[in-house]
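Please read the structure below before turning to the comments.
A, B, C, D, E and F are the chain letters, set down in written order, and residue numbers restart from 1 in every chain.
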Amino acid sequence: MAIFRGIHGMLKANTRGESMAKQIFDYQNGDEMKLAVLIKSAEVRVAKNGKKFIAFNFQDASGHISAKFWDATDADIEQFKPGEVVRLAGKRELYQGNPQVKIYNMRLATQEEGNDPAKYVESAPESADDMGEELNDFIFQITNANWNRIVRKLLGDHKQAFLTYPAAKALHHAFAGGLAFHTLSILRLAKSVAEQYSSVNRSLLYTGAILHDLGKTMELSGPVSTDYTIEGNLIGHIVLVDEAIVQVAGQLKIDIHGEDMMMLRHMVLAHHGLLEYGSPVRPELLEAQILHNLDELDAEINMMTGAYQHTEPGTFTERLFGMDNRRFYRPQNGQTYPDPK
Amino acid sequence: MAIFRGIHGMLKANTRGESMAKQIFDYQNGDEMKLAVLIKSAEVRVAKNGKKFIAFNFQDASGHISAKFWDATDADIEQFKPGEVVRLAGKRELYQGNPQVKIYNMRLATQEEGNDPAKYVESAPESADDMGEELNDFIFQITNANWNRIVRKLLGDHKQAFLTYPAAKALHHAFAGGLAFHTLSILRLAKSVAEQYSSVNRSLLYTGAILHDLGKTMELSGPVSTDYTIEGNLIGHIVLVDEAIVQVAGQLKIDIHGEDMMMLRHMVLAHHGLLEYGSPVRPELLEAQILHNLDELDAEINMMTGAYQHTEPGTFTERLFGMDNRRFYRPQNGQTYPDPK
Amino acid sequence: MAIFRGIHGMLKANTRGESMAKQIFDYQNGDEMKLAVLIKSAEVRVAKNGKKFIAFNFQDASGHISAKFWDATDADIEQFKPGEVVRLAGKRELYQGNPQVKIYNMRLATQEEGNDPAKYVESAPESADDMGEELNDFIFQITNANWNRIVRKLLGDHKQAFLTYPAAKALHHAFAGGLAFHTLSILRLAKSVAEQYSSVNRSLLYTGAILHDLGKTMELSGPVSTDYTIEGNLIGHIVLVDEAIVQVAGQLKIDIHGEDMMMLRHMVLAHHGLLEYGSPVRPELLEAQILHNLDELDAEINMMTGAYQHTEPGTFTERLFGMDNRRFYRPQNGQTYPDPK
Amino acid sequence: MAIFRGIHGMLKANTRGESMAKQIFDYQNGDEMKLAVLIKSAEVRVAKNGKKFIAFNFQDASGHISAKFWDATDADIEQFKPGEVVRLAGKRELYQGNPQVKIYNMRLATQEEGNDPAKYVESAPESADDMGEELNDFIFQITNANWNRIVRKLLGDHKQAFLTYPAAKALHHAFAGGLAFHTLSILRLAKSVAEQYSSVNRSLLYTGAILHDLGKTMELSGPVSTDYTIEGNLIGHIVLVDEAIVQVAGQLKIDIHGEDMMMLRHMVLAHHGLLEYGSPVRPELLEAQILHNLDELDAEINMMTGAYQHTEPGTFTERLFGMDNRRFYRPQNGQTYPDPK
Amino acid sequence: MAIFRGIHGMLKANTRGESMAKQIFDYQNGDEMKLAVLIKSAEVRVAKNGKKFIAFNFQDASGHISAKFWDATDADIEQFKPGEVVRLAGKRELYQGNPQVKIYNMRLATQEEGNDPAKYVESAPESADDMGEELNDFIFQITNANWNRIVRKLLGDHKQAFLTYPAAKALHHAFAGGLAFHTLSILRLAKSVAEQYSSVNRSLLYTGAILHDLGKTMELSGPVSTDYTIEGNLIGHIVLVDEAIVQVAGQLKIDIHGEDMMMLRHMVLAHHGLLEYGSPVRPELLEAQILHNLDELDAEINMMTGAYQHTEPGTFTERLFGMDNRRFYRPQNGQTYPDPK
Amino acid sequence: MAIFRGIHGMLKANTRGESMAKQIFDYQNGDEMKLAVLIKSAEVRVAKNGKKFIAFNFQDASGHISAKFWDATDADIEQFKPGEVVRLAGKRELYQGNPQVKIYNMRLATQEEGNDPAKYVESAPESADDMGEELNDFIFQITNANWNRIVRKLLGDHKQAFLTYPAAKALHHAFAGGLAFHTLSILRLAKSVAEQYSSVNRSLLYTGAILHDLGKTMELSGPVSTDYTIEGNLIGHIVLVDEAIVQVAGQLKIDIHGEDMMMLRHMVLAHHGLLEYGSPVRPELLEAQILHNLDELDAEINMMTGAYQHTEPGTFTERLFGMDNRRFYRPQNGQTYPDPK
């Protein structure tokens, strides 16, 4: 039985096509804006004139943008919290290379206007249905029975979170469904690698790829206003997924000390590649090393292409924290990227 | 009920006093030696004249010493394996500052002569009985019920290994009972610290100290001819003890996601202090930081005082790998160390 | 004769109990404040509206708090300098997680009101009398005559500074009397260690502990508005105390090249543990290594417990610079720390 | 016109199938050996008995193996030089985990016996013909005219070396044809990546992949007894290929300062990823980053699978220098690797 | 024929002596200022009151100074761009240790008033004529014909840029003519070194010194409002000068693979000394190592003496980014530096 | 009065010219040797056949060379100690690129034959007389009275050691008189720098250069069979010279806390440049930074040119430990180095 049957509609595709209303990145610099957005973060600060203001980060399915709310009253601060949907009027401007909104006015959206936060988060470019189906295909190819059963049990237990969580708070795939999308992207790369190099144990590589970041569902608080949980800080997603494997193996009466289980656990424990990056052991299996490389490759491509989307041809992106603060050049000619938003 | 009741005799005190026979370090340089020793390691190499020889490391309860067996036949190589007790005749010499045995002849000890390897390993300076009793006292002071039950269950399950295993293959406390002795030394330091700094959660610090290295019983192969297990390589003792905690919590119906359990797991996961040293998270609890410092302090004192024992006053020890290859000076005067052996 | 006889009253206990007046941390967020405080630091900046303001850091014996003084005139800037005691009226607020004062008005305290800066600095939790007495006990146990005489002479020469200086400008024990309190804390730990490990040369460890940071009295400017001296920058406290030992040895006709003097100098020179931390040599004596570890342990406990005091249970402290920018979790339950101020 | 037309037979397939004679790895430990091999390296040393011996590394198409030649005369040293083919009789033995030959006797092969060194080197698992054809297909897909012309001109100029050189002296793909095989493996990975991520400029990625290591043909001395050239040491393959691009662009009247040429040069200059690894600039183009990752991935898979081939199931490989001295575990079960030789 | 004949007047000496008008550093703190300056940089920001302001950096031949322009209109932003000369009225003030201008009013300079940006840049302390003549003397001493011809050709091709560009955007010798002045300073040091150490190949050292930074003329945009070019980012000045050498060698029919050409290229490629600093190879020639050391020595002296000029005796300079953020002490007495401006 | 008057003959020039006897490097590979040499080091080892041998390092004024003495008896080991002069007969050979002596026979030199070790050490290329005279000239130019007096007193106290000690045990200037020669080389460079950069305080730079390594006379055991003293290990030459300055200042009644004395002490304390290299503070004076650079420059040139002397043109030197294990290329043409010995 396929794990992901019946997830239809779990992750609504919040893409432009679905909605007639204009979204954040439908506006150009200088345009007057009038739309509903989600408050992603709201930080209260004191201006140099002694008055308070709120530094907002708004988002909808098209992306996110910052704004400053001057002379904020205590009532403003009280009502405009992260997770709220607001009706916003303002003007899009460009300062220091980054777009922001000059706020004219804003108020909380009413229930009638539709204030469901889930509709305003960025999300993966593929639907949960499609991703679930493709994942089923990969799981079907895991021929080791223990690995197959553990994958099915764990994905079954965390189905909803796995399909809706981001893969990280900020660095890469930081959008709803990002965890599943990142996992799937690695699986696709893994398939190519397994076909090209015949020594690779395909079942092991697929199992490791599917489970490697499942701990993110425990490390992160959820798809809206994502933050680290206390457990995420004190234990970390790498050990959290290992714990889940140990528990599930107990429920399924699988010997945790068998060679295949040691190999599986090694795959998830070693996937950060270096001790400095939080793996308690470095890869010591061919497939563990490959998983680490593909994880890195997909995350990096996601960070770079994401930055290119907001960069004019012939210029450099902003510095990317996850890429050692490098800037990347978007060529003038011969490019195959979509136009910057 | 005390965990360590009934362990009497488990770890026989292999100290000089028990035996009338002379031991390795009863001999001085130049002395003719005649005694029974355990083969700790035996490496076959080819001499530059093309013939094979065996590089031995012999040990008994007084310490260990190296030797070379020239022109080894295949029969010699076959019978003189690590873990065997042999009758040895030779001469103690000093080359390049280190003592070694010039072998006259050697043969396997017969059963009548007593060939029990356990009698020839170095062991902790305190008896298993005494250590077990003192550990019981510390466990008694753990007032959090979950922690107390988990400690009792885990120590109960691994009683024998915990009292007989070394704390490491080579670096520090590398002798039978070293794991328990190292644990107890940290607990004694922890007691002083908890008395001096009133904010310290004594139960947490004790629990962490007792469990922090329990995974060594899974990472290492045992007290004789100690090596790393495959599980030890692929998973490591830090995650192995975390797995044991998760399993035992399941058996005892303790919620693994409660704050106290997160704190306990953090204690063992973080005890190496730095990611580079294999901890998947750095200490983020006062007690976790203290445990790391005390673990390091006790291990370092053990390495330094061990080296001083083989160093003449007014000279430097050999370079200590575990101390960043530093040499330590043993003063001529005012010292309080015992004479070098 | 005891060094610290007659220091009675040198370091007045500035604790809450002594004074009927309310102190900074007697006020809660939202309270109107009216009290006398010391200006710890005062930085003149230009607001974005082009006018000047002063960023103050006020302190009294209960701790320190920041504040902004808007639209500062040249007269304001002239009179409100670090080291001045002022009468302050304002309101305690909380922005971005940190308490600060919204200033209503402030003026210099008159002599009648009591404008002695020494009354407004945070100070060690033990009185100078008590600390002096306990130090005498430790000195009494230094059995090497040269070390004993040097300790007595140096502490005698720097008695006042030693008992009133902080141990650092900002990192740890940054309060009046912090140097003596930090020294004493290390001595108490040293006593436990010397009792547990019989090889330790107790006299040497105590002598090193007492002198290791004495150079701070030359490196730092004093207990009020502490800064580094030029000598502190160009030479550093490690070499400054070594210089003092060399000079005093000369006065006492002690041979600086004797083994005991080399050992003592090595203790203070090596106490930072690593060359990167400013020690010109790494520890090469058992006692030097232990001193380094205990110095670190006490400093770290002080930084962590200090931060816990301003942290709500169930949350993390701010990032601690001296702890590699880590945040520490203050548990909800089972804690033994006092309530946060 | 395809570059690689007419290269037929340039790289003879030296595989087992072609020859009826037994090769090095057709013998098991303990077997008497009698075969022709190539001297890969020959180092003269002095044994501890004062006599000279030669430490050989022999090779044929099946792999390489070491051996010691005792009591070497000046005549032996003179004639048995790297690059010579010799007739060897001896016995295969296993010491310290590595196979070696115990030499009974050896002499230079005569011309009649066939002493062509090229027949005794390990070589890529695919024929030069096949590789050339597949490369042509990739070149065909480079749609930027400048890049296409430069690739054709450079490969045309270095055709023979490109198809016969190894990719490195020792680390990875260190066999005849290794450079072309490594290049092709990256191209195949690049194809999968370009299909999966639509933003990738396929022409640029292919061009960079083909040229990135072409400088190896100038840095290394050739496929037999490979060593670094002086130019390889003083300038390095990264700048050597850049120089070749600059020269060829001049010949083809292509403006070296056009954006496409800057991008191409950046691809090859940045392909080591980090300055520490010898790239004068870090990747600042999406495709440059991907090229670096795929280069690393293919090299690492080659090193790991190569080591697995000489490792028994259930044990670890030797430490791999190019993988940060890690050892890799070859599982007992579920493996898909061929049997170890 | 001398390269630098006929450059007379190319770099006008913009020193105080030439002009009767007061310059930036002729004013003291508190002085009313009235003068023409060049806009070096102009960054538009939003003040906390929501209005825009411009953060200016003004410069003339005496140095540079910052200023804030409050409540900037779109017209202000449009006209006050980097590279424009403006008439400025304001007051010199000192905040946070650094001088800045409080702007009263400013307007673009008219053509009659003289708005040639080149007159307002800081420049080398020696005239282009003098520097060119001294460079000719050094070139005359390069006895290797290939090196001599390449130097003459390259300097001839880039004469104007070489004499007018700065040596860096900000770190050291960041003034017009800085590149030539830095080159000449190294040559003078090189001459002393070559005289003192007779093994040094003087021709090689001079050639390397002259060419090592010539790539800066391609990496940087020019002497006014200097920034990095795209080519500078993607390829870097080290490889850009290597490219220029390769091209010129082709034009002059010099064999690029001769030993002398490998040595010359190695000189420029290795001059950053470490791979981490962007050199693709580390120095492996005596002269390459010396060039690296002298390059560093001259750059560091320039950074330190530049900072001393704005530092009061008895205090420390600001932290110098190029000197690992160290501050340097300017002594009270015995100094030989000019008074601070 | 000049310090170095009357040192005539202290350091006899042991150069070839003085002696009619052949020296080590007068022999070519293959030559039969017959000469007197000094035993620089003698390490007893055990050969793989179980017998002892001595690994010698012989030296005379022309350099040093290694040799192995097989089948050494206890009498051999007893008499052939470091520091003895022996009559040696053997043959010069070349193995693995390094020259060594094949020993035919050797015996202790008699008193009549001349067994003064001082005659067989390598020594500086200039005589003590000449160096002393030039040093006097430099001291004469130190215009600060305190610095001048301290230099005179310290050099006066350590005159003999200063002129005969090496500058290091092995790395650079490791020959008799090396300390003075290295000091003088730095002073000559310092003179050039002070002339080129007018801000440099010449007196300070000279004083620092003269004293910076004076602590080597306490850190090292002497010019023959040089090793580190215990004081050298535990305190280090950097602090040892600081101690000497402090003591001498006391004797001369110079205030150690005056600015000039702080500056002088900073010069010597900071001269290693980095904390990692053992300086307790980093340079924070212009002259301290320059001293560090010149110290490094002269030491590096000495290491490189020393290695070139034993390297054939067109090949690379051995790896130089003090140059990060780099090898340096000795060009075929255009070189100005003397022929290799």
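In this section, contacts are C-beta pairs under 8 Å (C-beta built on N, C-alpha and C of every residue); 3 or more make two chains touch, one makes a residue touch a chain.
Here the structure is a predicted model, which is why all the values come from computation and not from measurement.
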Chain labels contacting subunit C and also subunit D: A, B, E, F
Determine the shortest chain-contact distance, in steps, between subunit D and subunit F. 1
Interface composition of copies subunit C and subunit F: same or different, split at half: same
Taking each chain's centre as the mean of its CA atoms, subunit B sits from subunit D at a distance in Å of 45
So what's the Cα centroid distance for subunit A and subunit F, whole Å? 62
Please list all residues of subunit F that touch 2 or more other chains. 47-49, 230, 233-234, 259, 263, 284-285, 316, 329
Touching pairs - complete list by chain label: A-B, A-C, A-D, A-E, B-C, B-D, B-F, C-E, C-F, D-E, D-F, E-F
With touch defined as at the start, can you tell me which subunit C residues reach subunit A in the complex? 47-49, 53, 68, 70, 95-96, 102, 314, 316, 327, 329
Residues of subunit F that touch subunit E when the two form their complex: 144, 185, 188-189, 192-193, 196-204, 259-260, 263, 282-286, 289-290, 293-294, 296-297, 300-301, 304-305, 308, 316, 323-324, 326-329, 331-338
List the residues on subunit D that touch subunit E in their complex, please. 230-231, 233-236, 238-239, 242-243, 246-247, 250, 256-257, 259, 262-263, 265-266, 269, 275-281, 284-285
Under the stated contact criterion, what part of subunit D meets subunit F in this complex? 43-50, 52, 230, 233-234
